[in-house]
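After this come two complexes, each holding subunit A, first together with subunit B and then together with subunit C.
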Partner chain A sequence: MKWGWLFSLPAMLFFSTFFLLPLVALGIRSFFETTGAGAWTFSLATYREIFTDPYHLGLMWRTVKLSAITTCVSLLLAFPVALHLRQMSSRMRALVTLAVLSPLLTSVIVRTLAWLVLLGPQGTINRALISIGWQPYQLMYNDVGVVIGLTHVFLGYMILSLMATLDRVDDNILLAASNLGANRWAVLWHVIIPLSLPGMLTGAVLVFTMSASTYATPVLLGGSKAKVLAAEIYDLAINYLEFGMAAGMAVVLLLVVASMVFCVTRYVEGGRRKVIFE
Partner chain B sequence: MSDRQSTEIAAPTFLRLSGLHKRFGEAVVIEELSIEVKQGEFFALLGPSGCGKTTTLRMLAGFIEPDAGSIFLDGVSIERLPSHRREAAMVFQNYALFPHMTVFDNIAFGLKMQKRPKAEIIERVHEAMRLVRLPSYDQRFPKELSGGQQQRVALARALVLRPKLLLLDEPLSNLDANLRKALRDEVIEIHRITGTTTIFVTHDLEEALVMADRVAVMNKGRVEQCGTPQDIFLRPATAFVADFIGHENVVEGELFQDILKKDALQIRVPINRRSDTAALARFAVLASNIELSEQPLDCYDNCFVGTINRIRFYGGVTRVTANVGSCQFIVQVGSSAVTRRFSEGMQVYLAWASVDMVEIKTDAAT
Partner chain C sequence: MNKKAYVLRGPLLPIWTSAVIFFLLAPLVVVALVSFTPLEHLSLPTSNFSLKWYRRLLEHPEFMTGALHSIILATEVACTAVLLGTLAALGIVRYRFPFRELVRTIATAPLIVPMVMTGLAILMLFSSFGWFDQHFRLYAGHAILTLPYVVRTVSASLTGFDMNQELAARNLGASPLEAFVRITLPQIAAGVFAGGVFAFIVSFDNVGLSIFLVGAQFNILPVELFSYASYSNDPMAAAVSVLMILFSMVAIALLEYCFGLRRLMS
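This part shows the complex of A and B:
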């Protein structure tokens, strides 16, 4: 296998040409300013603007906040599902897995339009609320709509991650806990949750990074009132041709996501947890 | 060790399983199972895989509910009680230690569930660790321990609760032969110290005979025979037990007075088994109770001439297959200078005492 690495060359070449190189270019671009025709100077003005302008800081905060909320909501929704799936027949599991992954198989436009029909000011939910005499509730063009939309798409990743770890938990360990005097809740709290921590973290990293960087769902369900970083980058680059700012924002988004992944990895592999989590 | 087997424990019934039934779908796993165990007894459930012994243990632990029947432990009906309220602590075949907890936390788990004071937990955990001879590996994780040490943690985790009933599910089967023997003696010793009533599931005959005060041999969800190891081994009640115990030399013939006739062979059986009318009967003699010699041996009341057709060397013992008339006998002798003289095709004498003949009742009779 001395020459085995040769087989990975096509993929490596593809990634470095079309992904790594542009990324580096983007990073470099964010540190330069055009001064007059064709002249470039090194400058930190872009970052100064991003980190001092309350508007941009607000966007950053909302992006992180929405991603974090989506992650938490997904975790809370996914955990009972994954736990229940443990006991199901493999046939039922395949069906449920398909069902939770179905949002990913649907076009983002169709999916979002469907949410529009349900959540809109004149949508099914609000009409139902009005018909029973309640006040209509703003479910779209705000943070609520974005979280609902993102959770819908990414919940499947969380369920799959949790399933992967929960499936490896030996039934006898749960029986042992109950045999030693733990009731259902104690088994859940002291055994199941700690043992599914790796799955929770993997799922959280996936959902958080995808939520933070996704574009279409927050734009369509959040509108201009719940704008996120990805939408701002798109606007800057396509509508305002502010490539320097767009590049800077992209770098900031990348750093936010990367630091999150880094922290989780460090946590999982840190100290003696490595022994427990293999 | 041998004298602890002969002492029948004179105590009232502590655990009573009566009329237990369990089916999984179409398959009947436990049928009309009734067992009584005395306080402080070391009781083995012995049988081949699929005989229902593990299901029985799991019903005791509270992991499986019986379809019918009752389980009384210390005078209380427990068959509908959830596992965590039974005080019947189980040691699993694969140990089932909590991988995310240290050795200390594993052993302390049950006491923490009982919300015991911290000082008491520390003291009792260390006491349990000393009992199972576990070095002070408090802060290690199960993965950092050897199989034998993991087994000790599992034992300590159960014993620390001072349970009414200790359930052992083939606890030694995942260990290598030497360690198994060492731990076997230690488990006996721990039982002697704690006096905990113990139910032990195994498919290993020797393990059951060496360790248990009494043994129940199970087959197809029923108890075939229940008794002391000597009872089981020397007086198998059914053909299944005789076969499971390893009675290889079964002779079926016509019994008249104290002679069992099989073709030309006339074998003397114990006088108290005599029959005054000719009847079909089956008797067995243990391979290790037959003596093999180049000369006739008059000190035995059964002595026949035969031909060796196979010799197998097993280390400490040598097993010889010999034909006597129309029958084939397996003889187990200690490997020695004498046995080295035997060779295949050689003519030898097989001799044994009539009192070593064990009658095997046909299953229909029981």
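This part shows the complex of A and C:
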């Protein structure tokens, strides 16, 4: 049918009006500076400030660092679980999948509040430490708290990505390796891990991008001591009404996320790129 | 599929899996317990349980209004996303046209562009037009954010659908619309419904984008909870959390019962 594409038209119009247009306007706005009432001039001042001011560079660095650590921790925690899920009986598997994935459908705010209760200076963990005679430990309002919170929030996505590839690993290959004399660590290291690399990368991209751009969790668990880009964008726009700066920082955040996606997808063969986005 | 020929034995994997499940679920259990504390600060109830914080919730109408607004908004958003998303998926999956790949890419873009950026962009553009309707701008932002989920689930169920069935119906005299409603729709209904439920949940939970678009006239529950938790430190936030967990448990049970969670999310 020649006019079949028209079905996609309403959604595309909606997208152009409420997504593409605002983003393009935001991009343009970040290159302009107001010079008096209603007068605008082209200027790179915003980006000059962002890329020379140590405060903003520090925010960028912390955002990348916290997201990278969260990604690594999630991968480490998720891999054995996905490996275990692969060989469970179907009943057990359904149960564990439900336990692992159901937090994904619980509000991010609720899950962050849970960590607030646990990690706070007067929180459950510190009270327990004190009651057995230990020193309380600073678990919140620092990088540790943010990483714990982000890992809890995004771990499920990593497990899902790993499950998708690990389930497709052919048992016969593993049996072959084992028959040829490889012990289980060798099978794991030389066969299972290389074969599940695409899933690891998909999961890493997902967790990294979501960690880098998430707002509520770092704000509640990191406070002003461990501020990230998303929090700074909000403060600039809503508290200081510095829309030009906020727009510039948002563009920088997008660049951080996009460059990560680009770097990782370049490592995976061209055809796999789709896997990550769909 | 479930009978694996190569199995890694030993206590390591089960221990690790249990530890991860504990890490994921224990905090939620702690929140539930804390919400029943009779004390004024965040603490585990030691001797007696109390519903004090649930009662005190009634003195905070902002949570009730927020919840109501959230439900209204999520319903509107889910309906829009289902309507536009299903149509878009029909166009993308079934027909070949020049910009098909582009459309497909754009349709998934809101999942990659940081939500704070989308929120800020919508706020700035709407403000520059003089539109300050908080309900409408939230609706627009959430609809953008949830459309990709519907496009994805509907595309998935359309890919397995044999279009000749619809042709057969047409040959037997059905109108195009009739053929779609009576033949195609029932078979992709699972995907459409799942997409709608996803859209509802995503909209109901969203903070990152909403925080830019809410205001005094129209605020939603997660943002109310976020603001409350950022300036006060009492167990009421835990009580609200428990109610939200119950709400999402109902949603999870519904999804699991109808379709199986795993199939939907991969």
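The definition used in the following text is that the second predicted complex is superposed on the first by the 265 of 278 C-alpha atoms of A that agree within 3 Å, B and C clash if a C-alpha of one lies under 4 Å from a C-alpha of the other, contacts with A are read in each partner's own complex, and residues count from 1 in each chain.
The rule is simple: a contact is a pair of C-beta atoms (placed from the backbone, for glycine too) under 8 Å apart; a residue touches a chain by one contact, two chains touch by 3 or more.
In this text, all values refer to a predicted model and were calculated from it rather than measured experimentally.
When the shared chain is aligned, no partner comes close enough to touch A:45: not subunit B, not subunit C. Of the two partner chains placed around the shared chain by superposition, subunit B is the only one that A:194 touches, whereas subunit C remains out of contact.
By the document's definition of touching, neither partner reaches A:72: not subunit B, not subunit C.
Judged by the touch definition given at the top, the superposed model places A:182 against subunit B, while subunit C stays out of reach. In the superposition on chain A, A:238 makes contact with subunit C only, while subunit B stays out of contact range. When the two structures are aligned on the shared chain, A:107 is found in touch with subunit C, with no touch to subunit B. Set side by side, subunit B and subunit C differ in how many residues of subunit A they touch, and the one touching more is C. By the touch criterion defined above, A:172 lies against subunit B and subunit C together after alignment on the C-alpha atoms of chain A.
Taken together, the two complexes place residues 172, 175, 178 of subunit A in contact with subunit B and also with subunit C.
Here subunit B touches subunit A in the complex through residues 61-63, 82-86, 88-90, 92, 94, 96-100, 109-110, 113-114, 141, 143-144, 157-158, 161, going by the rule given at the top. Considering their complex, residues 2, 4-8, 12-14, 16-17, 20-21, 23-25, 27-28, 30-31, 34, 41-44, 83-85, 87-88, 90-92, 94-95, 97, 99-100, 103, 105-110, 112-118, 120-126, 128, 140-141, 143-144, 147, 151-152, 201, 204-205, 207-208, 211-212, 222, 225-226, 229-230, 233, 237-238, 241, 244-245, 248-249, 251-252, 255-256, 261-262, 265-266 of subunit C touch subunit A. Residue ranges of subunit A in contact with subunit C, taken from their complex: 1, 4-12, 14-15, 17-23, 25-26, 29, 77-78, 80-81, 83-90, 93-94, 96-111, 113-118, 120, 122-124, 127, 152, 155-156, 160, 163-164, 171-172, 174-175, 178, 184, 187-188, 209, 212-216, 219-220, 230, 233-234, 237-238, 243, 246-247, 250-251, 253-254, 257-258, 261, 277-278. Here subunit A touches subunit B in the complex through residues 170, 172-173, 175-183, 186, 190-191, 194-195, 197, 272, 275-276, going by the rule given at the top.
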